[in-house]
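We call the chains A, B, C and D, going by the order they appear; numbering starts again at 1 in every chain.
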Amino acid sequence: MKRRKLRVGMVGGGGGGSFFGAPHRRAILMDNSAELTAGALRSDPAEALAAAEELFFERGYGSWSDLIAGEAARGDDDRIDYLTIVTPNDAHAGPAEAAAAVGIGVLCEKPLTITLDEARRLYAVVQDAEVPFVVAHTYTGYPMVMLARRFVRDGLIGEVRKIEAWYPQGWLASRREDEGSKQASWRVDPARAGVSGCGGDIGSHAYEFIRFVAGLRAVRVSARMKSVVPGRALDDDFAAFAELDNGAIATVSASQIDIGAENDNGFRVIGAAGTLQWRHARFARLEHFVADRPVAVYRAGADYGYVPESIRPYLRMPQGHPEGFHEALANLHRTIEWTVRGRRGEEAPRPFEHPGIVDGVAVMAFLEASVASAREGGAWVDVPFGG
Amino acid sequence: MKRRKLRVGMVGGGGGGSFFGAPHRRAILMDNSAELTAGALRSDPAEALAAAEELFFERGYGSWSDLIAGEAARGDDDRIDYLTIVTPNDAHAGPAEAAAAVGIGVLCEKPLTITLDEARRLYAVVQDAEVPFVVAHTYTGYPMVMLARRFVRDGLIGEVRKIEAWYPQGWLASRREDEGSKQASWRVDPARAGVSGCGGDIGSHAYEFIRFVAGLRAVRVSARMKSVVPGRALDDDFAAFAELDNGAIATVSASQIDIGAENDNGFRVIGAAGTLQWRHARFARLEHFVADRPVAVYRAGADYGYVPESIRPYLRMPQGHPEGFHEALANLHRTIEWTVRGRRGEEAPRPFEHPGIVDGVAVMAFLEASVASAREGGAWVDVPFGG
Amino acid sequence: MKRRKLRVGMVGGGGGGSFFGAPHRRAILMDNSAELTAGALRSDPAEALAAAEELFFERGYGSWSDLIAGEAARGDDDRIDYLTIVTPNDAHAGPAEAAAAVGIGVLCEKPLTITLDEARRLYAVVQDAEVPFVVAHTYTGYPMVMLARRFVRDGLIGEVRKIEAWYPQGWLASRREDEGSKQASWRVDPARAGVSGCGGDIGSHAYEFIRFVAGLRAVRVSARMKSVVPGRALDDDFAAFAELDNGAIATVSASQIDIGAENDNGFRVIGAAGTLQWRHARFARLEHFVADRPVAVYRAGADYGYVPESIRPYLRMPQGHPEGFHEALANLHRTIEWTVRGRRGEEAPRPFEHPGIVDGVAVMAFLEASVASAREGGAWVDVPFGG
Amino acid sequence: MKRRKLRVGMVGGGGGGSFFGAPHRRAILMDNSAELTAGALRSDPAEALAAAEELFFERGYGSWSDLIAGEAARGDDDRIDYLTIVTPNDAHAGPAEAAAAVGIGVLCEKPLTITLDEARRLYAVVQDAEVPFVVAHTYTGYPMVMLARRFVRDGLIGEVRKIEAWYPQGWLASRREDEGSKQASWRVDPARAGVSGCGGDIGSHAYEFIRFVAGLRAVRVSARMKSVVPGRALDDDFAAFAELDNGAIATVSASQIDIGAENDNGFRVIGAAGTLQWRHARFARLEHFVADRPVAVYRAGADYGYVPESIRPYLRMPQGHPEGFHEALANLHRTIEWTVRGRRGEEAPRPFEHPGIVDGVAVMAFLEASVASAREGGAWVDVPFGG
């Protein structure tokens, strides 16, 4: 029997100034295994309906609550299989919670919410509903990042001693928010972005590298946050020291005022027996260092024998055909898709352990502890369990 | 009025061992502007129909001739808008000619055909039918390659003096054709691949860089072709000197036995006033050298002010979000899509000057002259007009 | 009249396990403008005399005090022109102070001393004696680092907002000090290395980048220092946040347990109008980023027109002839040599503003403040003036 | 007993416009094991004497013949141990032959002579005199190039199938010879440079990589040489296909009109079991590729365990301290020095197999065959034994 395409819903991402709606749609469509079924793509109901029509969604809704209600009313063989949430941070929890409550899985943009409390409430619902949940830490979708996780797990570098994780950008080095940039406007607004600007938007990715790649979490944090560009309410530069649960140390740094920096995020995980490094600017490579040995450079490609079976299905092409940002994002959609299919008994590759609801909460815990630390001049602040 | 999705047909690309069917489908689907309408995806009719069903094509056909006939019989508001041809080289000309003859545009894999004669016949039909025609020199779809073309045209490096173009691979360094690799099998078979193995498969891309980026063509060629791995009928290593129509010199080199090489194709165009270099391994960068000046490194990103209006629509994302192979291929589909839409009076960006039927013929002329030269030990052989 | 070679003295650097004696001798000799005149190369008097003989010093001494006394007794036309100090940290101040007191200039290894108090005493003597004094922050001898300083001074990147400076190594990831490594032994010993191990040995270089390149200094510091490898008295991993005197923020990080890291120290200086980055692994390049412009990569070479006159004499070769670590070190010797010659009225290029006694004291102030901060869990500690 | 410094002579290299005199002097002096003893540094006798005085040579001579005669007249314990020849190409054979004839070893700049006949005569004398002889293919002095040779010898990449060797420059892209550049003037003059300009000056280095690294030689060559810049008698762009003695193929390319190219010479040696690549721009790295394995990147450093004993003495510093062009050149001086010392029974490391007189002749044979081929439009021409 023919496998059907998955039905995907989307909240947000339909405005002219939207940044991540289009890449999510590409990620959903590119693998010919899912379709755009239901959309509540803008906050204005009329615009939302028009956008859904314009963007070829099968069903348009005027609001996310309509969407959830409408889909919930449909039968299992008709309603959406999961919901993609691409709204600004303050509008994640609402639709996520509502979707989970009616048994619909969620792929949600990061950071999960605007406060830790909100994240915890969402967590409770999601746990209760037992729905699949993926947080869009897109960089964990790069196969070489996944390979790094595999290697650390397999003990390739021994006990982890230190981690550096970073995410530099330069696009907010001037007051873009005054120039009509919608992307800039909500990101510098505490009401919409949450407790942290730079830390929340991209420091969150850097911190998640620590959790995802090394399987560790911060227990204490000492953070410095600064609004470098005058007149901003939120940080546009973020740096934190962290103590991890195995006693290792970590630095998490992120900036939005680093002119010329082009999202070259990455990590360096230093163990007692070796080091692993990955950086976005050379996303198809993973470097492995061992004392007194040549550097081993692993390169991406579905045909490389060293790619483990757990990662191979996430590579579409053999070596030498770079799969970039869209494919990384599409890999997160693969994970929720394969989870959904697997639960139904359909044949599907085993989904990888991509960031889920626990990571979403943990990142919020890390952010709130960082904000508390920064307010006290960098005093060490405990990160609640889950951080 | 809502813009409809383009209807795309596909010939070939449906087998389990097919390499390029899937990336073309991703390229077609990812931008949410086209759909898989008609497919004749395998040579066996029953398998072809099953594959079309399996891969969500709206209409399956048992053969390409059925497809052309079936689509031709439909009205303008229903039949496919263009045909993608992803078969081995010997099966390009048939469907391409048939499609053109009934007024359907074509995006065809390279090299265009297996002989120059065949290419010329196809050219005549396409010219006569005045249908859009794109040859899938995928690397010309990378925006930084397009920018290089723009820069040369704008005189940035002065008169071109020398061009180096290259394409190294290592996957045929051992006898993959004996290990059940379908990709290897047809590529080493003269009946299916044509007059040249390595030269045709990837030397063609290198040569096209000369035409596309510099707007020049070979008038004479001195080539060396070798079957390094014993027992092969076709070349697995290719190198040529060429004299270009403006008097400049060029080298075109390609290899399939270069172990460790991962499609790091590229070009270096040397002018009297500067040099431009691009390489696939760093596809998001274009380097510009001028004597006694710092190197200028242009990076890809829709938000960079130096990206000209003719190229901007081909960039989906702002800086720092790498768009790789699939997006480059999708850009060729954009070109034919926008050509089709433009001709119908729909609003669409101006299509870029991607390789078309003339380039397809020219590459075949270059290949046949190269083969003739190599047979005579590298004697200089004229490349017929169009080379 | 023929210019004579400068007469150079050396204290330390003659033992079998000595690391920096040999590179200093190469740096002194390579430019054919100076000679090895007087040496007290080891702590044991007999070995010191033997080493001086073995290493072709004109005059051997049994101790640094003998050397200073002996040279002081000679006439101006015979005694050494400056003294190079290559001993472990605890043996810098003695010979440096003695040399200065008798009017002999000094090129001293870093960090200047083992305590700030010691540094201040030395400063007083040097100021009083008005002798030339250079601290061997070798990386400031790389012409592209010098060019970065020039560019910041010239306002190329506007007001500095943030600086990242780093120095990673991996050689102390295991207990080398137990394996008979002399280099390791004294560096992990507080009595010989001073208040900080990793911070003093290499964090000092990173911090000096901030002073040298940006002309800024830390006013407050929050530091984290850790002995990662069990059983060490001093830090082998160091990280600090600093607040600079113009209000900018900085991070200074250094590690000796970062397996695979090969001294790839460097800096990223982020201004309101652009960014400059240099890293040791690509020492012949300086990258300049400006929003919405291609990256400008300046490359080293005496023939490049963009090299200012103040730097050109420090480049020995035209472009494409990499001058590495020895030449960088030799450039510091050039600075003291040209200072000496200039003061005598000999013709010599104008010496560059390489790190001197003030920098030496400032680095010690930074280190002591960092230690104090680290002891209090990263509390912010003021850096005394001079930091 | 104390080892004495070696006494080194030099012919040429003393003029204001001289390029290679100074680096050779640095190479001789930097290791504190040799001294500048006898110099005939300019063609005008008075200037030659003045230059020797100015540059601290112990003995000045008015001409190379005076130098040879003068030194020959001295006793073994006084005369120079070897002669460095840094003149333009037409003035190599004279002093080299004379020195050899009186039993003095020679380190000679490349190419060896201006004709193959001249090279053969010199070869006969050198063979007869059994003196040490090194040809200054400086790039073979880089330890990672030496390691490549070792690896190929040890069978790491299996039978060599193909070699690419290259040397691009851009400094003659305009008529520097009209702007008073001495370096340019003699290099474009057949009387001084010999049969080939670009091929002789730098193509020679590229070809020597094939001999040195792979231990192979050209048996046939098909070459293209061009004077791109109008009005030149000699080639400023060179490219050749070669057939090697084991049946492998090779390309040798060199250019002087490649704007922006900074001596990024290198090689890629492709075997049946792997590939080795080195390039000057990343001189401290050697890359080793094996199918289906991570790339192994070997880095330079005296402390790396994988550096064989035959190469270790040529590394002065541990990892992370880049030794560049001067050290590579100094390594060739080490080879002749250690050969001289070894022959005398002094303790010295075993000299490496750096290019000698046979290589010098072989390169000339390759060049003359290339010129003959280029004159006949690239016809295949046999390279005489020795090529």
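The rule is short, and it goes like this: contacts are C-beta pairs under 8 Å (C-beta built on N, C-alpha and C of every residue); 3 or more make two chains touch, one makes a residue touch a chain.
What you see is a predicted model, and the numbers here were worked out from it, not measured in a lab.
Least step count on the touch graph, chain B to chain C: 1. The interface in C-D, A-C or A-D that matches B-C, meaning over half of the contact pairs are the same by residue number, belongs to A-D. Taking each chain's centre as the mean of its CA atoms, C is the chain most distant from chain B. Once the centre of each chain is set as its mean CA position, chain A and chain D turn out to be 55 Å apart. One finds 43 Å separating the Cα centroids of chain B and chain D. Inter-chain centre distance (chain A to chain B, centres taken as mean C-alpha positions): 35 Å.
In chain D, the residues that reach two or more other chains under the touch definition are 261, 295, 299. In terms of inter-chain touching, the protein chains here all touch one another pairwise.
Contacts from chain B toward chain A in the complex involve residues 2, 5, 19, 22-23, 25-26, 29-32, 36, 53-56, 169, 171, 261-264, 280, 283, 299, 301, 303, 316-327. Against chain A, in their complex, chain D makes its touches with residues 288, 292-299, 303-306.
Every residue of chain A that touches chain C in the complex is listed here, in rising order: 157, 161-162, 164, 170, 173-174, 222, 224, 226, 228, 237, 239, 241, 249, 251, 253, 255, 257-261, 268, 270-275, 277, 287, 289-291, 295, 377-380.
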